[in-house]
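Please read the structure below before turning to the comments.
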Amino acid sequence: MNKQDKNPGNNRENLIKLENAGLTAEEQQLFCDAVPVPYEPYSLEFVERFHNWIRANSLWVLAFGTGCGAIELNPLMTSRFDANRFGVMMRPTPRQASVLIVAGYSSVKTLKRIIRSYEQMQGPKFVIGLGICTINGGMYYDSYNTINCLDRYIPVDLYITGCMPRPEALLAGFMELKRKIKAGECDGANRYVKDFDWYKANQKKVIKKWDMPDYNW
Amino acid sequence: MNWALSIFYYIVTVLVVLVYGLLLYAFIAKTMARVQGRIGIPIYQPFLDIIQTYGRRTAVTHGYMFDLGPVFRLTGGLGTLAFIPVIYGSEIFGNFHFAGDLLLVMYFIFFGQLGMALGAGESGHPYAPMGIARGLAQMTAFEVPFALAVIAVFMQYETASITEIVAAQQGSIYNWTLFTNPFAVLAAMFAFLGMSMYPPFDLVTAPNEIPIGPPTEYHSAYLSLLQTNRAIFAGAKLVLFMNLFFGGATNLPIMVLKTWAIYMIPVLIGVAFPRFKVENSIRFFLGVPTLVGIIAVLYMQYWGTV
Amino acid sequence: MGYAGLQLVNTMFMQELCERMTRQFDCDQVMHQKDDLSFLRVDRDRLESALMYLKTHEGFVHLSFVTVIDYIEDGFFRLNYMLYNYDKATNIGVQVDITRENPSMHSIHHLWAQGWTYQRELKEMYGIDFPGSPRVDEEFVLEGWDGIPPMLREFDTAKFCEDRFAKRDGRESQDIKQTMRDNLYPERGES
Amino acid sequence: MFDLKRYSEAELESGKFTKLWHGPQHPGITGNMSLELTLSGDDVVECKTHVGYLHRGFEKLMERRTYIQNFPVVCRIAVPEPTFNEYMYAAAVEELAGIEVPERAEWLRCLNLEMMRLASFLMWLGGACGSFGMSTVYQWTVTHRDYMLDLFEEMTGARIYHMYISPGGVRAPLPDGFSERALSVMNGIEKLLYEIERVALNNHIFKMRSQDLGIIDPEMVDPYGIVGPNARACGFKRDVRKDAPYLVYDQLDFEVITADKSDAYTRTLVRYQEMHQCISLIRQMLEQMPTKGSFHADLPNVLHWKIPAGQTYVKSECTRGEYGYFLVSDGSEYLRRVTIRGPSYTHAIAVMEKLVVGVNIADVAGLMVSLHTYPPEIER
């Protein structure tokens, strides 16, 4: 994904504080306005590789059924397919989760919640786009309320196509995600911070009721 | 004994109990998975989880108390373990036992929860105080039968030293408190159901009601501390129950076997039961278990034979 | 009584009902779609009393849904209140035409406690106002909508999508007719 | 008359109440919707539902597609029960266009619908037990639902979105040996149901928590438009399958199941009995079903399909009650307007807001599941 050419002048260096213009003056004091910074990998390479291996084998998925794809997550987590075998677990709170599954189409209203959840997750964090509708809109390409390309709003590490993707496809997707994490290719959280302005501009173009802080710590 | 050596032995004990607690946790998770028809997590998964949470590269704090919460919690776990002789007669696993250690241990069991309450309260998430209120209410309730059981044990052995209690139970299986004072054991096991946070008493982390309660906002290294504590604390609690009621252990395999067997009781009840509401839970603990506890004390008072 | 017998009774009941309604409420158009479904059209101001009559005297106690059909060519909205009679197993659709400019309609919330949800949806999706209906001005399914109400016929969702949401490079939309002709019946050619 | 208790700022300012957002990211909420709760201690004093997280604008999209293009679209409307959408759309189009469906297709459709009902109920039963903390039952039922999905895959070629019931008939006949395999799955599910009855429905704690929770007053049923098992649990003998039989339901032997008090426990029991009824219906159909004959009507070229002008309302009984399509055609290649009436529309919004007042926060999930709501059919 080559985004640098689309990025209209990254002026992060000049930026000290987020504006949080969507909030009222009273609320602005309640929220953090620090600009997110990318995290550094461990300085020793073998430590980083070790941690990547650990991360790959302990994937905590945020239990957030954003769309119809959530219906295939139930068989995935239960006895027929049992993703627990591979260290995939559901966590009910974004603070503790490391994988966000965007299950199918996301309407604009849900996208706002997806962004909030994603920003509250602690890095390294990974995003799986599930279903064709996250890739290019799929069946809802002309719907006025669903976004078409998910990776314009949050960085996506892996897409699983299909409508619906079967649980086997999801398992294969998790395996592929593990491979990518082990290889150190999943740096979505850092990409998000680096291209912060581009992502925010895209998000604000779609979400018209922006009554939340610019970055949800 | 040299104090430096004793601290070294304590650290060894903590590590052993930590590893054992994590393995036990994975084993229990696998057992529950088998009941549900699944294979379940690999046996080494809890270790990976701890390192994974520890290895998160970002963290957000909500204030000093928030930072201190997991520390308090871990202190509670370590403190509990510090005064329980894990293996009877062993120099390495003997820990800092002294004449009144049982009283101190009972204090430490609840210390961690209170500290956690302070920390989670500052996280600002509405589910956290809700979980704390539930947890503290339930804790107050199950403390009654547990305290009564421990009082009965005091009266039976006329000592507050865990080592002496274990010593009194040696020799034959019929010397265990389980057989000499069955009412106290029954009351204590009821309390243990509440302590171990499996259904029907998993109110604090009830996933469908207040997902996952107090630690909602805890993440990264904070969560790693909490996970460590969970393993140590579970191990310490099990060892305490084993010492008080099931004759203690003279070597490691016996300890593993007995604690595992004790732990299976709440687990097997847990997989087959729905969850109580908090008022039902309190009502439950103040009912039959408390009555059994009182009977245990009366039994010791009037018919007790030591 | 078998199902066929029930049907016959229902048909007679529906015809009598429609006649009664025509007499009482000046229904200007009656349409029998099938044995257990008829449509009546009433005046805008008589709607409430007609619904009240149907509910209390004729046993049409169940409001299935309220919806709107947008006739942009003729410049009116057609509101449709679908009622159901459990005893006679018959549906009746009461229809009202209202103008498209500053559309507003009487609330039926006092007749059915679920009425406000439908009215809230219609307000958001079509811009039809229901004065007095609870929470009618709140957002229902959309959030931060800044255009004309999306269900209106003049709202072009494909164009809106193109402006608002970026297209993925490489995605093509094909004309289904042409594609099927080319792929399935290549020998027929243009027809 | 039916005054909604209005949300007042002053109350919240007094500091006696807590505002809590339950959902959309919450494991106890069915699907993707949220409840805005005002709590006094642990009790709910005020609730506002927020829907629309799944709004895709189907009614608009369908106006832009030709009749046959809509056929693969409609099943996406309600995820757990796509088949009902397919059938309702096909029935509406057939009625307006005057298409006669072959008898065998009707049997196949009916079989598909009943299997879907059973699969959906299985998932729901798991959720109902899971919301009270019995995750074990949830695991069991979802697995058995997966065996049902295998049957669907065999019958239709897909697990979730079958696209099986097309206007004019069905896409394929039953494969060889289907009924033996279906019967063995049915036997397995029946065994599971008896197991669940022992483990969950007769469990003291389950009863204690779900009895007297969220009682639907019989007087509430008509004003709020409550349908399906929720209404049947308080004694109303209302079932579209009996009131206005469609497909082959008039040839099948079944009774409408009712109870006398609609609380969460009774609703669970009614649905539990309906699951047994589903199994019995599936067995009857597999026995009586014609094995020969055409399964699809001869249609003109679907690309040039024009449906005569008209309007109709067709309905069926889905797991939650009356599910209907209101279709208006103006004689062109595109439909004029379609309205999808899902029972969750009123159950999840008006009824939920009314019932949840006074309920302990711990029971909100249980109450919500006991109403059996699916957000995707509310907002379409």
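Just so it is clear, A, B, C and D label the chains in written order, and each chain counts residues from 1 on its own.
Everything below uses one rule, namely that a contact is a pair of C-beta atoms (placed from the backbone, for glycine too) under 8 Å apart; a residue touches a chain by one contact, two chains touch by 3 or more.
It should be emphasised that the depicted structure is a prediction, and the values quoted were computed from it without experimental measurement.
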Any chains in contact with both chain A and chain C?
-> D
Innermost chain, taking as reference the mean of every protein Cα atom displayed = D
The chain pair joined by the most C-beta contacts is C-D
Where the CA atoms of chain A average out and where those of chain D average out, how many Å apart are those spots?
-> 31
When the centre of a chain is set as the mean of its C-alpha atoms, what distance in Å lies between chain B and chain C?
-> 61
Between chain B and chain A, distance of the C-alpha-averaged centres to the nearest whole Å = 37
Between the Cα centroids of chain B and chain D the separation in whole angstrom comes to 44
The positions of chain D in contact with two or more other chains are 26-27, 52, 55, 57, 60-61, 64, 139-140, 143
Enumerate the residues of chain B that touch no fewer than two other chains.
-> 36-38, 207, 211
Touching at least 2 other chains, the residues of chain A are 63, 78-79, 92, 109, 142-146
Could you please write down every pair of chains that are in touch?
-> A-B, A-C, A-D, B-D, C-D
Over in the complex, which chain B residues touch chain A? Could you list them?
-> 33, 36-42, 45, 48-49, 51-53, 55-60, 207, 211-212, 215-220, 223
Given the complex, residues on chain C that touch chain A span 141-146, 150, 155, 157-158, 160-161, 164-168, 170-171, 173
Can you name the residues of chain D that touch chain B in the complex?
-> 18, 20, 26-28, 42, 129-136, 139-140, 143, 199-200, 203, 205-206, 208-209, 360-366
Listed in rising order, chain A residues that touch chain B in their complex are 39-41, 51, 54-55, 57-58, 60, 63, 78-79, 82, 84-85, 87, 89, 91-93, 95-96, 98, 122-124, 189, 217
Flag every residue of chain D that touches chain A in the complex, lowest number first.
-> 24-27, 31-32, 52-57, 60-61, 64, 72-73, 76, 79-80, 123, 138-140, 142-143, 145-146, 149, 159-161, 376
